[in-house]
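In structure tokens below, several structures.
Paired with chain B in one complex and with chain C in the other, chain A is shared by the two complexes that follow.
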Partner chain A sequence: MGKMYAELIRMRFLTMLAYRVNYYSGIIIYAINIGAYYFLWGAIYGGQQQMAGLSAGQMTAYVAIAWMSRAFYFNNIDQEIAQEVRDGRVAIEMIRPYNYLSVKTAQALGEGIFRMLFFAIPGMILISFLIPFHFPASLQAWGLYLLSLLFAFVINTEINLLTGVITFFLFRNEGMMRSKRVVVDLLSGLILPISFFPGWAQTVMGFLPFQAINYYPSVIFTGAVSEARALQMIALQIVWVLVILIPITVLWQQARRKMIVQGG
Partner chain B sequence: MIKIQNLQKEFRIHQARSGLAGAFRDLFRREYKTVKAVDDVSFEVAEGEIFALIGENGAGKSTTIKMMTGILTPSGGEMQINGYVPYKQREEYVRSIGVVFGQRSQLWWDLSPLESFRLLRSVYKVDELQGQRWLERLIEELDIGSFVSQPVRKLSLGQRMRCEIAASLIHKPKLLFLDEPTVGLDVLVKQKIREFLRNLNETENMTILLTTHDVSDIEALCKRVLVMDKGKLIFDGQLHDLKETWGNGTEVVFQFKQRTTIEQLQAALAELPCELLRENEYAIRVRIVQNHEMLPYVLSTVMTAFEVSDVKIMETSTEEIVRNIYSAPVEVSHYG
Partner chain C sequence: MKEIIGLFAQYLSQYFKTRFAYRADFLGEMVSNLVSELINLVFILVVFQHVPFLNEWNRDEIIFIYGFFLVPYALFSMFFSFWDFNERYIIKGEMDRILTRPLHNLAQVCLESIAPDRIFGVITGLIIMGYAAVRLKLDFAWYDLPIFIGLVLSSALIYGGVYTAIAAISFFSDSRTGIAPMIYNIQNYGRYPVDVYNKLIRFVLTWILPFAFVGVYPAAYLLGKKTLYGYAMLTPLMGIVFFGIGLAIWNWGVNKYQGAGS
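For the complex of A and B:
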């Protein structure tokens, strides 16, 4: 079984490599985003030492790492599922002796590892030359970050699976997928760290899974939270991983029963 | 091997109301119509058979195949294939089948077929050594060796289709489904594929189910034919029974050395139940209605009575039979 998933990850790797232009333009887009946010936050801080619990240096690191984390956890498998449902290719997936959703997750992981190795790591090295940047000091801090990044990937992928599976019922849900994308980017703390939101909004977001996708790993990376708080964040991530699994399982069983294959 | 009883599949189709007001009303309450795509279909298939499922577009063939491959859940009826209930034990069941959908690719578009084969081998947990030998045989017999390492998007349809067939057979399934495998292919490729399938059936005793619009596929491969129309199975039997029931009998065209009228020929053939049609001044078409033993008699009678320069014997093509079936009202018949 493990071998099959390893092969799937490898295939996705090769597919990503097949499109070089996509790859290069991806690097440029990430570089522009990080650069823009770096200068924007520089202007906002304007000499202030600290805002919402983050120093200017930590903020820089936060912006850079938030985008780099996104390179790993981000994927479009919801749109892939939607596409496969719409043009009927899902039929091919159903004649394979595997679970469709696990396979999609493995493919997403292949994509994530690809982006991490070929975008994020070279990008980080490049950025550390240009802007003052602090990497976590201890191996332990690195470990906590990577662990929380992995869970961030799982949660984001689960949300994508959920919106993807809804296509089985609605047939067209681009609107939902697009708004999900904006919501995830905004509420996960990619655009604005969660600690910058007003108090009531932070309370609401405490009940939502989105900050576990980006804010937790990024803030762990910057060292702005204690180790105990970091562990607590990871525990919360695990809770979310399990909670979101429930609606996915229910919806998937429903979808299997009422599946219609479009065209032919 | 395949046992299907009273299989049914119903779809609920949304009926859009017309006009702007109708579209607005659709927002709140939709009207649905229930359509029976497959209606009470039963048949059994033994191991090692090659059989064809034919019917017009929308007759329910594809829906039947999709239920048989575990993709769709039937609305009613029972089904057991290779000892499994497809929609209940999907993951175990699909290991024993191979499927080719002529209209959709199962290969990775951006990668070479070899990469797809490699992935499929790990998906089906194929034994390394045996798998390699089997794959080599597939590559050789389908003659795809020269392009298996090119990206799929650069292959021609004929090349791709042969790779699709190889991909569906990677795990040496006991049962192979081919849903319109020869659509849009040229004659040579078609022939190659048919030869390959026949060989596979003979050497591996593989059961093969074919749906097609191409009648020559059926003639080349199948003994048994199932015909579907409007969701119902309207014929299940041998190909030659199909010809007997739905065919127009045999036709013979005589080319005479001298001008011959229909009346002269009619006089010679006397009471035989034949239909005579004039082709041109020297040629007459004789249609013998559904009786093979009459053919030698007609031939010898005409040839002794007249000077004949040429004889052409024409059996009704399966194509014509199919056309006859499609245009005839539904009538249930079981043979064989």
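For the complex of A and C:
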């Protein structure tokens, strides 16, 4: 079983590799975004040394690593599921001897690994030449970052599975998936660190899983939090990984029973 | 022109018929447009809780610029929403059909892919501008209204021109270029005062991909920023020039276009 999923990860990786030219422009897009926010934050900090727990230098690192982490955790499996529901291919997928949602997750991981190797790592090297930038000092800090990045991937993928499965009930939900994407970008801390939000908003966000997707790994990377706090963040991520499994399981059970194949 | 307007009405009614087949999704898409417009506002609001000024600009001025930006951007994205031009028209060979139609081919493509729901962005933009204008106690003369409309149309033309030129690349190379999303992301820069950026980016945003003319420069006129009046007055000229360039590249591309393989 494990071998089959490993094969699925590999297949998706190879598919992405075959079309890698398409993704070179992606590196430039991320560079454009990082550049925009780099200058913007430079102007926002002005002369200030410290804001919301981040120094100007840490903010630079935050902007860069937040986008690069996104390269790894981001995927469109919700849209893939929606597409397969709409054109009826999902019927074939469901009679195959594997779990459909696990297959999607494996494919997402293959995509993530591809983007990590061909996108985030070269992008990071490129950026470290262009803007003043500090990598974590110790191996331990790197380890904490990578661990929380992995959980960030799992949580984001779970949220995508959830929105994807909702297609079974709504048939068309592009609008919802698009809103979800922008909302995740804001609430995950990609656009601005969670610590910048007013207190009440931070309290509300504490009850939502989104900051575990980007804010936690990014802020761990910048070194703006202590090691104890970093471990606490990773523990919270694990809790979210388990919590989101519940609605996925429930909806998936319902979806399989309720499924109407359109077209087919 | 009259013909185009008639067809526009026809396509509009077709559009609503298809969209209302899935009402929940239509609603969802409108909400998603609104959400993505508001997210940048949230960014501005949150950031200005920590700082009083962004360079020389205060919070309400930045909000006003963003509100202005939304208006031409909404018009542009309503009429030029063929994001998938390459795939839909070139790879699938739909362009061959377009060329047999009596209408100018660019107008035909624009009408087929029209997205009227984006018009709500104009309303969002006006509300945001209005909020900022009230807080800034801006005074407007009667002639500011026609000037505003002129500026908005010019700004939309700049986007339209740049976008048309990029879509036209597909006529020369049918492989996916990925340039369109790149340019799409660069427009993020236009929402904030260009003095935030370094000289090179400022130059690019003013003269090469003149997205500063979609946000800061025209908005500066309405904000009464006299030092930028020169740029604000250039906006219509930039609009005409860039749309002209875009159209010329498009027409050239259509002439060179050899049809789909299949």
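Just so we're on the same page, the second predicted complex is superposed on the first by the 261 of 264 C-alpha atoms of A that agree within 3 Å, B and C clash if a C-alpha of one lies under 4 Å from a C-alpha of the other, contacts with A are read in each partner's own complex, and residues count from 1 in each chain.
The rule is simple: a contact is a pair of C-beta atoms (placed from the backbone, for glycine too) under 8 Å apart; a residue touches a chain by one contact, two chains touch by 3 or more.
As the structure is a prediction and not an experimental result, all values here were calculated from the model.
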In the superposition on chain A, see if there is space for chain B and chain C together, and answer fit or clash. fit
Determine, under the contact definition given at the top, whether A:I28 touches first (chain B), second (chain C), both, or neither. second
Counting residues of chain A touched by each of chain B and chain C, the higher count belongs to C
Vertex chain A, arms to chain B and chain C (CA centres, degrees, nearest 10): 90
Which partner does A:R20 contact after superposing on A: first (chain B), second (chain C), both, neither? neither
Considering only touches as defined above, state whether A:F39 meets chain B (first), chain C (second), both or neither. second
If you've got the overlay open, could you tell me the nearest Cα approach between chain B and chain C in whole angstrom? 8
Intersected contact list for chain A, partners chain B and chain C none
Using the touch definition from the top, list the residues of chain A that touch chain B in their complex. 3-4, 6-8, 11, 14-15, 18-19, 88-89, 91-92, 94-99, 256-261, 263-264
Could you pull out which chain B residues touch chain A in their complex? 11, 62, 66, 69-73, 90-92, 94-95, 97, 99, 101, 103-106, 108, 110-111, 115, 118-119, 122-125, 151
Touching residues of chain C toward chain A in the complex: what are they? 22, 24-32, 35-36, 39, 42-43, 46-47, 49-51, 53-55, 175-179, 181-182, 185-186, 188-189, 192, 196-198, 201
Taking the complex as given, what residues does chain A use to touch chain C? 21-22, 24-26, 28-29, 32-33, 35-36, 39-40, 42-44, 46, 48, 51-52, 170-176, 178-179, 182-183, 185-186, 191-192, 196-198
